[in-house]
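Each structure below is given as structure tokens.
Both complexes shown next keep chain A, but they swap its partner, so chain B is in the first and chain C is in the second.
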Partner chain A sequence: MHGRVKVRTTEEEKARKERERQEKLKIFKYAMQKIQSKRKSSELDKELLELTGKVLSSNPDIYTLWNIRRDILNIFRKNNEADESLSQMFDAELHLTEYCLKINPKSYCAWHQREWVLTTRTDPDWSTELSLCNTYLKLDSRNFHTWDYRRFVVSQCKPPLKVEFDFTTDKLLEDFSNYSAWHYRSKMLVELYPDLEGGRPIEDSHHKHELKMVQSAAFTDPDDTSAWFYQRWLLGAVKTTIRLVTYVIAPKKATFAFSKHVDLSFVRSKTFLLINNQEIVGEWYSCTGNMYDVLWVFKHWASITDALDIKVMYENNDGIKEEILSSKCSNSPYIGRTEIDFERKYSAPVVEELNNQLEACRQLLELEPDSKWTLLTTTVFLHCINSRLNYKEVMENLKTLKNVDKLRAGYYSDLITKWSVEEQLYSDYKSDNRQFKVRFTETMSSLPHLQYYSFCEEVDLSNQNLSSKVLPSLIVLQHCKKLSLANNKLTSLRYFPILDLEELNLKGNELDKNEIELLKTSKNYNIIY
Partner chain B sequence: MSFTTKDVVLKEERPKTLLLQKHSDYLASYGLNKDDYEYCMTEYLRMSGIYWSLTAMELMGQSHRMPKEDIIEFITSCQDSESGGVSASVGHDPHMLYTLSAVQVLAMYNRIDAIDVEGVVRFIKAMQQEDGSFFGDKWGEVDTRFSFCAVMCLSLLQRLDAIDVNKAVDFVLSCMNFDGGFGSKPGSESHAGLIYCCVGTLSICKRMDALHADELAWWLCERQLPSGGLNGRPEKLPDLCYSWFTMYQSTLTIKTYTTQSSLSMLNRIHWVDKKNLEQFILACQDAETGGFSDRPGDITDPFHTLFGLAGLSLLGNPSIKPVNPTYCMPQETIDRLKLEPQILHI
Partner chain C sequence: MDDDLPTDFQVIVVGTGMVESIVAAACSRIGKNVLHLDSSDHYGGLWASYNFDGLQKFIKEVNADPKRQLQVYNLIEKWYIEKDSPQDEKKEDDENKTDDTKSEPVKKIWSHASFTAEYRKFNIDMTPKLLFSRGPLVELLISSNIARYAEFRCVTRVLTWLNDKLMPVPCSRADVFATEAVSIVEKRMLMKMLTSIVGYNEEEMNNEFKDWNDKTFKEYLSHKGLTPNLIHYVLFAIAGGTNNMPCLEGVKECKKFLMSLGRYGNTPFLWPMYGSGELPQCFCRLCAVFGGVYCLNRPIDKVETKTVDDKMVVTIDSKSKTLNCDHLVIGINECPKNLISPEPAESCDISKAVFITNGSIMPSEKEPLTLLRFPPLTDDDNAVTVLEVGPATGSCPKGLYVVYFITNKVKDAESDLKPYAEKIFDMSGGDQTQTADKPKCLWSLFYNVKDTSAPVASSADAVHVCSGPDAGLDFDRAVEQAEQIFKKICPGEEFLPRAPDPEEIVFEDDVTHGPEFQREEDDADGDAPKE
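On to the complex of A and B.
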């Protein structure tokens, strides 16, 4: 049972406690029986109100009893009870909930009853409710029920948003580790100060101001995690776009890869295939069969031969139609690719602020080289400011973090993989090679951005650190003929997707022989093991 | 800088091995004494109690120790013929939470026929609001827990088509926060238990793509503390579940298990340290009474016993049957029903 420490007691003490409990139980059972029988015979009166109130005072979570009380109060309302006495009844109900919340400040039932009373009675006093929230938040500044109730009260009495925003500032200045206040602040920040012109979530000067506020919080106590999450969010608050990254038009199959998951209506309304300047009609299928996907297959009936003029029109986020030309080498399909761009687009003042803060972090790091949060923040700053220029330093830091923060080594490994793939993509998209081979030194532990390589006919993922859970991701390799997963950590092939391969290399994995044999009989490609 | 990490210290003499026999004895005898104080005082959540105990027993391969016919008869008697919903116990009112528990139990027993399925569908359908959210019952409390109850329940009944799934998804997504997590309603703070409910809803509705998976999973893996246990929100104590009080109202609000299970659905369970986590869960066992508690040294109960066992199952413990992370039910039940909740590609 939650938070109830087991204490050793003497036999005598035990017996005394048990007697006490049995006594309580008898009273409880009697009351419950009386309540049920009165309810059955529709005696929804003040006596029942009193009975249920008594039981709830020590057991605020018996939801049915609150239901009974609402039924009774509704009857008094409908019977046109005098305003004054009705008002008194509702006041009494509020007192009861307050009493119950003292016993259990997290009782969903009691909080909900309070909301019900306030929205049901004709004379709610919202300012009292708001000050009640203030009092409760002084007692426990992290009770999310109180915060939720506050948002409910605010939605009813509608004080200026700025007043609530300033309330979070006060709370944070009292205690920077109040995550609930950071959370509430994030909601209001984007409403109060959106960047309408630039399309960013937060207007520049406020973006900068918030970053500064995080910095002072973080420097007060670097081990307190609350502010760091807020900071990570601020760093990610940039304009996001969905891009068409690559397409392949082969005689058998045409595919389109996007930077994010998109649905059918998106693909259909934004993407157009033109052959010799003629728009081609066809049908779209997502490669996994899901509603939203990163790779879409376009089924059409045009014949794909040599020497065609093939291009794709894609309408980007700003409503501008980009033309994406295709290139074709001998014996290969038509392939179109757009420019790789993973950089975050901050405004100049924000970049300046980030650089200042990076400098401060570096100084702090000199004093405490093994401080996890300082190291992580330095690393994230470096990546956000210029991921390509700082790539090497970022990788070194992430490797250090794997040791400093061992519990989350898996997270850092996946981050290394993701940012390394991003770095490699810049050069891979400049060459005409249809091969993907890992060229960074750290091993891959997951397969992020794999749809960017959907145009490849040869994919070499050998000598990595891949486990069987990554296998479903391979579905995007719709044009791959030769796939190597040699020397990885595969233990099962259960979720290996259907691919049109010629060769699959599974050497050096701890796979069950029977599973391999089964795969061999069911697939018509060459399996090396 | 007077900051102390909120964490517990594992004692050297803590349980280090899985005490399966003890747990099944504990659950088998739980509630045999109808005058037991705790048992009587928790009548208002009996239906969920049955789900916790039976699922735990199923995972241990010991469900034959539960009184199957009595349970089925009890469930039948708890369905309200008018609304179609199921209550926690006889004499209590129908509610989403207990309707789900009842359907989960009947699904495990393969005895869905024991209730009026059309009634349950009617009840859940009536709870959906214009904005896609769900009430818990006719009194209008809105919470993402109830969205999860609705889609889980209907999918177990193969009747997901009865509600507006797109709207249900949109409502859940409107509860997403700056940290990638979710709260109980739009504007509410992220919390591991509610994240589980929201991720679970998206998993069943096959819309995991809408998550900010890396941000969310990072927040979740930062819940792990040096003891190996996980807390539910930043700067809080670790435990197997959230709170003794709230667990009874929010039968789905649980920390260590929910975080683990969300990470499993996000395919990023390797972002936490499995060995430490296993140690913590094992330390929550009571070697005398059997069962698990919320944190080492506290009193045990069926709720934490289920989530302790389910957590160990997610970590691949070979002596416990595989649990499905979305449904928190045995994988064999989910396979039998041919349900395929979505897991994110990585």
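On to the complex of A and C.
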């Protein structure tokens, strides 16, 4: 009987595959050798182009070969090859990358080669590229290489942004677990729909719509983090103002603290010191020496005596010059402070939406009291809507979260610290006291907003949870005389900054005796240990 | 020709329904010598798909001789359109409309004549069914490699009838995200319910449901705090149940639905291209590839069992020829009554209807393929399953949809199903071009089918009786029964092992080899177009 069905056994199949593999390896080795030798002898010709192409089409990630190909193509370009044949070569190159991307859709070098071809050739066809992106994203909607390339293509051919925006909507409706799509969306949102009147990043109705959309995703699958990220971004999309929070003009030193990190040109162009209505000339130095800093030192030559009229002109975000007057008590420098304001400035419709969403979260909490996502979102909403009014509830929730979600306890601690400091600042800035003493019960694990306290003479950070890694940030305490770090978790003083102190309390830390001695000899202030 | 037919087989299969065909393929696949007969001129029996002409013949046959098709009764065919197309009027219409309705092409006016002209483009199922993407039939098609003989389309949406209108059912994660029909808190509740049902392991299942044995699924869903809307979606659309559905059955059905999500499309279902009638034929094809012999138009006259040399043998008389076999596999409709023991209990029959309409029940951007699950409209009714398939499935010409209705019989097919049909179709006839909320029904067919799906024991060990189609949504019971029958015939043998692809087959023959084909040296260009 002939034509009888006999199927290869797995052993036979394995042997056959192994033979094929060996065969391939032989060809590969031979080809690579030939490529190397041709390159050494500078034979950058069509044959080499063909050879590298063949190897790449089964191993698309050998970037050396792509480099060689670019060299070859550049030579043909410089040799004034006829437009038509050059165009054909570039087409072939695109073909090759497309083929390689089919083998490995996440090949960095193949995507890069494609970008190079399109920016190098004189006749790029962008619409083809855009539809290529569509095809690839259909096959894998989360391939960030393709999204990256899409942004490149879009930056070149500039299709209507709305079309691109709608494209992300479609992709998200298919599967919202897609960081790339949410990210791309956020980029276009601020371009397409800025709030021109209110100066906010996103126009009200769109801000609301996005909040709704992302809430829908978060409620559908709370374990998917992509939606939460976008939600946080949306909540943070408020008008940001950089403010001058406090300045201190002492005979020895003048410092200016800002709410955010700013650079020299910012400080120089917006901040002006006036003594007896006379603008003072001087030079600015950041206190850490970094380009961006929250505390800037102003070196000037004016002598600071009693009974001067000192004020600062500061140009805020809206271009309006504020006059910040100083006050002076006996034996103290001139100190100017502005009002504390950490509230996020949402528009009324957005606040309304946030309140609705808060309500939905609360309903859900009744059903699922143990859901950490719901509790965290509730807490974030409470803080964003009115941080002062909701302060107590926010703190309670964060403490609960520390227990429910132990893996992120540190994150919640940092939030507690930051928001507690913010709350304390409101009252501290109302008193004339030049002391900073922690008045909330939770211990601090970091030192946020410390520049706000740069005017203080006495800073008491005792009995907190501070480790040595916070030491460098103490540099903003430029006017501090008495600093206490007693009973913390300090283990080394290596990064203790240079400060003009009179007394430093380091009791109750597990520090090396030698280090203390060394500090004592090098510093001329009193060290208690 | 008849003389060529050998007379001795290991297995003879009579009837080409789903169960029979799977058994035939399985036996042939492991090397049994199989003869497969059918009394009619086409494959599938009650599982068949017909083109419009074939369907007309079937209707005529049933009406002319009710005794020939005992399983089908109460058959009523109705036209809602003219015999001939009004050619002149249509042209006039075209001219009038060119100005203002450029974007929307003028609706074609259908008639008996235009149906007849395009009869070959219809594939109308007698037993329309869906496949669960992770159900036993899909797994079997893949594991046996029979899937290469078939093509499928994903069902694009699941609809239900809620608050007197059609509503899409959010069943996948993407649906729940996109829907605006439920509130944000409901989204969370729905997702939580769905994921927990899928996620429970056996122990958790027993724990969660230990007190629910004698309660309904609806009670469970309300107990879990689901809102009435959500209960509707889960109970009627996802579990396909009714108010009385027992809790554990509901959970099982939900799980089956949910487990099949996310494999192929946005819903858990596949629909066979060109109709469900294709599927028995795929199995027949495999049977034939492995040497099975096929004879259509071959009614059998007599079946006898006798013992020869201590071995039970079945003989069949067909067209005055006697055929012998060790095992007879026979569809219940072809089976002589004396072989069935005992008579199957009278069960609830099935009411079915087919409609041809000029538009989808809920138009969408891309051609939809819809499963609609109607909850019972009155307390006496059963739930109604509706399948709407369009031209892309090869079921009908462009511009038309074929819509199937299936339910358990209460009175008769027309009274059981017409009230449901009227909810979603315009059944008044009249002007086909006019745009309305509902699509026009152009043609309808109501009929009842005897339910022969209960497994039936035969009076002889060597005779295996195959059930007919059930009212269920899927083919699961057919696959299960076929496997059982196969295990009885060939104990210890593998059920439909993977059939090799052509390139895996080595030809060992005694003829001299021709020159070997030279392979191109590099594999790299494998996919590149050949020159």
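Just so we're on the same page, the second predicted complex is superposed on the first by the 445 of 529 C-alpha atoms of A that agree within 3 Å, B and C clash if a C-alpha of one lies under 4 Å from a C-alpha of the other, contacts with A are read in each partner's own complex, and residues count from 1 in each chain.
By our rule, a contact is a pair of C-beta atoms (placed from the backbone, for glycine too) under 8 Å apart; a residue touches a chain by one contact, two chains touch by 3 or more.
No experiment lies behind these values; they were computed from the predicted model shown.
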Which of chain B and chain C A:523 touches, first, second, both or neither: neither
Partner chain in contact with A:410 - chain B first, chain C second, else both or neither: first
First, second, both or neither for A:360, with chain B first and chain C second: second
More chain A residues in contact [chain B versus chain C]: B
First (chain B), second (chain C), both or neither touched by A:24: both
First, second, both or neither for A:220, with chain B first and chain C second: both
Which of chain B and chain C A:173 touches, first, second, both or neither: second
Which superposed partner A:243 touches (first chain B, second chain C, both, neither): neither
First, second, both or neither for A:437, with chain B first and chain C second: neither
Footprint overlap on chain A, comparing chain B with chain C: 1-6, 24, 220-221
Of chain A, residues touching chain C in the complex: 1-8, 20, 24, 27, 54-55, 57-58, 99, 102, 172-176, 215-217, 219-222, 357, 360, 363-364, 367-368
Residues of chain B touching chain A in the complex: 1, 3, 5, 35, 37, 40-41, 44, 87-88, 91-93, 95, 137, 139-141, 143, 177-179, 183-185, 187-191, 206-207, 209-210, 214-215, 217-219, 221-222, 224, 226, 233-236, 239, 241-250, 267-268, 270-273, 276, 286, 293-295, 297-301, 342-343, 345-346
Chain B-touching residues of chain A, taken from the complex the two chains share: 1-6, 21-22, 24-25, 28-29, 32, 36, 59, 61-64, 66-67, 70, 104, 106-109, 112, 116, 142, 144, 147-148, 151, 177, 179-180, 183-184, 186-187, 220-221, 223-226, 229-230, 232-233, 236, 261, 288, 290-293, 406-411, 414, 418, 445-448, 467, 469-470, 472-473, 475
Interface residues, chain C side, partner chain A - complex: 173-174, 176-178, 183-185, 187-189, 191-192, 225, 290, 500, 504-511, 521-525, 527-528
